[in-house]
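Shared chain: chain A. Partners: chain B in the first complex, chain C in the second.
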Partner chain A sequence: MDILIYGIINSATLALMAMGFTLVYGVSRLPNFAHGALYVLAGYICWLLLNELGIPYILAVFIALAFVAAVGGAMYQFILVRIRGMAISEIIASYAIGLAILEGLRWGGLKGGTFTLAPFVEGSIEILGVSVDWQRLLVVGLGTVLVGLLWIFVNQTRLGLALKGMAQDERAALTLGIDSDRMAVASMALGSLSAAVAALIILPLGSIVVEAGYHVLIMAVAVCIVGGLGSWTGALLAAFVIGFAQILTVAYLGAHFQVVVALLAIIATLILRPSGIFGRQKELEERV
Partner chain B sequence: MKKNALLLLVAAAFLVGMSMTGLAAPAQAAEPIVLGAPLSTAFLYGWDAERAMALAVEEINAAGGVKVGKTKRPLKLEVIDTRDLEPGVPVSDALMAVEKLILEKKADFIVGGPVRSEAALAAMALLSKHKKISILTTGALTPKYHAVVGKNPDKFKYLFRISGEAKWMVLGELVPCLMDIGKQFKLDKLYIMVQDVAHARAGGGILQKVMSKKGWKVLADPVIFPTGTTDFSMALLDAKKKGAQVIIIWMDMPESAILLKQWYDMKVPALPFGTIIAAAEQPGFWKATEGKGEFCLANVVNAGNAPSNATPWTMKFVNAYKKKYGLEPEGYGTSSSYMSVYVLKDAIERAGSLDPDKVVAALKKTDLMGVYGRIRFDPKTNQIIPSLDPKEGAVGTVFQWQAGKRVVVFPPKIATGKIMLPPWMKTGK
Partner chain C sequence: MASERDGIRKERLDRGIKVRSDGVYCISSWREMAFLLSPRLLLIMGLLLMPLILEPAPYWQKVLIIVCIYAFLALGFDFLAHFVGLVSLGGALYIGVGAYISALLNTELGFPLWLSIPTATVLGGLFCTLLLWPCLPLRGVYFAIVSLMFPLLAARLIEALDVFGGTDGIMGLDGFANRWWEMYLLVSVLLIALFALRRLVNADMGLIFRGVKDNDQAVKASGISITFYKAVGVLIASCLGCFGGACLAHVYMWAGISQFAMDFSIIPIAATVVGGGGTLVGPLIGCLILVPISELLRDFGTLRIAVYALILMGFIVFKSEGLMSFGARKYNQFEHWVEI
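Then we have the complex of A and B:
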């Protein structure tokens, strides 16, 4: 039972971590390698607002979310727009921005394990004999709600449909008057917002550390590659595959092997099905 | 004539000015002695060492510097970031940092790290090649370090360690402390969680064997977590299921705070004992976990890393650190890093020279009462001689978080309080 419960929690955590990355790639074909840095930035901004300015928690959360969304949008507007369409350059540039943010935070004093956020809900409950704290259940609950909201946004709203149109056929979308750059800014802001939401839900479980940025990026990339780049359904499925594989590894093989699960999943996917479980990049498979 | 008089006047004014600003003082005019410190500065065991050494250097320079023969020379600290505590950073990076200190920064002595045991072991040959005296002060707890020195005393004669090491920590401190806990609260079931690094794996293994022989039930092989792990729930559930009463934690990563938060949230009925637990060592831990880490025991290797009255110098150091940095000494590398500078000063002054062989001979004869007790080096291994009595050797410190304070509970000679169990935990048998 503990494997089932903590498997679901771990999978939901991974899904939350990867959602923003999938969203940005799905709608604007932009691999945002600053995703992990934006995750840590959100936590740190919230911590600063709470501890240095004494702002109420809920307000600090919303300001941090807005700030990180703005940073994401600005990243595209001022930097990535110049290299739009050049995938390798986009990866290098976004990764460089991520490095600058993370190492800048470290340089600025984000060191050690004392930067923490309080859980939204304290305490724990027993589910079928397994002890689970409320914050972890919140990760599952809010993760589900967030995925639902983003799905509704992309499929039911005007802006969401425009983003989807861009992802499906940029030229056709342009002929219908959809501004591709504005849409890319919107998708980056939205993806960054998702990273920030994930951070503010997950980080109260631990500490705000620079290394989390690299960890989140690796996990997001693993989930997206296994699920199929840009596929929401694939990413969700991959989060569950990797999430449960990690928990089973910890339970039966040893905790120190869990770190290789995601990397093995990437390698296996690239060998067996390069476009991922639900990937639409048929050309990749045709080449194999 | 007038021109000459004017020149003389200017020269005289310059000399007067120099002496008034103190620039002509012998200690300041002399060439500084460079202490190269390879440290993983983004991590607790790096920055605590840097701060402590900076404090010692400041104090010594303010008192006139180090007397080398007839000259007083100031100390200069050159710190380089080895990043060796960061996950994924190769050992070779730390070696390059050490070499840079020796070749570019012209370090006369190396103090501090490398911090990660693997990097410290790898740096041994390099330091010997350059005949550079090195005093390890932080991190690097592996017993292999002084064992290697002991096996090759000529080759590695320049290498000293002034901080504790894993074997003594386990056999000399942890085991007696656990036996006391077992006796006092009738507990005998142990669960061990370690980080996937050399000293922790070695320490966990030794502890498992020793405690089994002492009649404790070690419920599983040590559970090994990769550096950077953020979820410990499965192991905690396993510990709870198996009826663990004491959980040994040996981790130098900041994520160990997550483990304690999870322990609290799950109300695991076992006493967490951090043989090494970076997160819980810091004074800011209480606030960061909103008190969830209460009852956690932490070994900070040497006295002086938490307030106690081990020696007259202990609180003097704690207060000086607090005055300069606004908080108590933070991690297990603090007091030893501070002392390393004083021990080196003492040895240089006795040697009357910076010649490595002369300073080595003087270091071997070191015998002074420091922040954490009597400081002497083992003549064969150059490892500081440990003890449970500060009058006999270097004493360690185990403290417990109680009501927001770090209360020293072991060794008994310096204890300021008693061990307490969390309210959701019952005594055994």
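Then we have the complex of A and C:
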């Protein structure tokens, strides 16, 4: 029972982490290697607002979200737009931005002592004989809501449909008057926003550390590769596969092997089914 | 947007001496031979004399050693990225594997230093290639991501399993007889590797490598295995890295988890971008510039990685050709403004 419940929670966590990365890559074909850094940045900003400026929790959360979304958008608008389409440069530049943020934080902010955010809801509850923190349930609940909202956004609103059009065929979208750079900025902002949301929901479970940035990036990438990039169902399913695999490893082998699972999953996927669980031929062509 | 540069553009013409020294007849004139040889000799003599020049400052001699070790990685990165088309973000893997294998051979099996370094180079190269083999069919972004994971994972695994000395690392390796051995071994092997790679990329094999990078379907259609050639490319790059790692372990007489650290992955990339990708000499020059900066910033801890990352970003966005291509252009051509 432990395994089932914690497996679901872990999977929801992974899905939340990976959401922003899939979104940005799906729309603008831009691998946002600064994803993990934005995640940590959101947590740190929120902590700073709470503890240094004494702003109420709710307000701090929203300011942090807006700030990180703006950072993501600005990153594209001022830096990445210049190297659009050059795959190697995109990877290196976004990775460099992420590193600068993370290592800058390690030097200037996150050092000495632990940095924690208070859980939204204290206490725990017993489900089927297993005690679960409310915050963990919140991760599952909010995760589901967020995925639902994103789905509605992409499939129902004009902006969302424009983003989807960009993802499917950039040239056709351009002829219909969709500005590809503006859409890319929007997708980066949205992706950063969802990284920040994930951070603020998940971080209260532990403490804010720089290493989380690398961890989140790796997990997001693992989920995306296993699921097949650009495929929502695939990403969700992959989050569940990896999530449960991790919990099973922790239960039977030891916590140290958690990261190995992700790598093994990637390698197994690449060998058995290179396009990912739900990947399409288009993706297959650009991967192998 | 109107500016003073409207209506004019820069015209570039090859210098006369460049044109004259293109063919084989350049050997008929001392001036033309000097034109061709002087930049190369400047690099070779500069590197060979550097240890002597730095004699009064032993600390900077140590820095020179580190420059060379990073230069091996940078050379490998440039070769893989710009000639084979594989962006490997995890250079630390090669250093770490080379260091650990050399340390194990030296302490457990009692190999002397002159045997453990070459063995570690070859074994380490083969080991890294085998590790990366399943990922070789991947392109661009995907390979970058997976290669990024390996060094992080290796460090975690060693920590978790508590093998090879766990977090303490392996101590008590043999050191070099003296500093001159360290420096001249590294500098000379670096120069040999540099010029050997420059020849390789222009040989038949280099042609296939470039084919793999530019149009792998065409290479496949010619009945050549892409994966095999990618593996050869990775083998060359990882042998270079492992040699650097093995030397590093013997210089510090220690091998540990920190040899899988982020520095070894990011500095070579930054050096390649700053120096000029695709030139092979560029990365070396980048290392000569960046590593001393890193040493000066050592007091600031991890801030230096952030500084690197910013330099890297600035260069890739605003000056993506790099110093070497820029310098070569100035050397070979003259420019002037003409009316359009």
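Couple of notes before you dig in:
As a convention for this text, the second predicted complex is superposed on the first by the 279 of 288 C-alpha atoms of A that agree within 3 Å, B and C clash if a C-alpha of one lies under 4 Å from a C-alpha of the other, contacts with A are read in each partner's own complex, and residues count from 1 in each chain.
FYI, a residue touches a chain if its C-beta (ideal position, glycine included) is under 8 Å from a C-beta of that chain, and two chains touch if they have at least 3 such contacts.
Values in this document were obtained by computation on a predicted structure and should not be read as measured data.
Chain B and chain C, once both complexes are superposed via chain A, clash. In the superposition on chain A, A:Leu205 contacts chain B only, with no contact to chain C. Residue contacts after overlaying the shared chain place A:Arg106 against chain B and chain C alike. Once the two complexes are laid over each other on the shared chain, residue contacts for A:Gly254 go to chain B and to chain C alike. When the two complexes are overlaid on their common chain A, residue A:Asn10 makes contact with chain B while staying clear of chain C. In the superposed pair of complexes, A:Asp133 makes contact with chain B only, with no contact to chain C. Using the contact criterion defined above for the overlaid structures, shared-chain residue A:Val197 touches neither chain B nor chain C, since it reaches no partner. Contacts of A:Asp2 after superposition: chain B is touched, whereas chain C is not reached.
Residues 106, 214, 254, 256, 259 of chain A lie at the contact with chain B in one complex and at the contact with chain C in the other. Taken together, the chain A residues at the contact with chain C in this complex read 31, 79, 82-83, 87-89, 91-93, 95-100, 103-104, 106-108, 214, 218, 221, 225, 254, 256-257, 259-260, 262-263, 266-267, 270-271, 274, 286-288. Against chain A, the residues of chain C that register as touching in their complex are 81, 87, 89, 134-135, 137-142, 144-146, 148-150, 152-153, 156-157, 159-161, 262, 266, 269-270, 273, 300-303, 305-306, 308-310, 312-313, 316-318, 320. Across the interface of their complex, chain A is touched by residues 42-44, 47, 86-88, 196, 223-226, 228-231, 233-235, 237, 240, 254-258, 261-262, 265-267, 278-279, 282, 284-285, 287-290 of chain B. Those residues of chain A that touch chain B in the shared complex are 2-3, 6, 9-10, 13, 106, 111-116, 118, 123-124, 130-131, 133, 135-136, 205-207, 209-212, 214-215, 247, 250-251, 254-256, 258-259.
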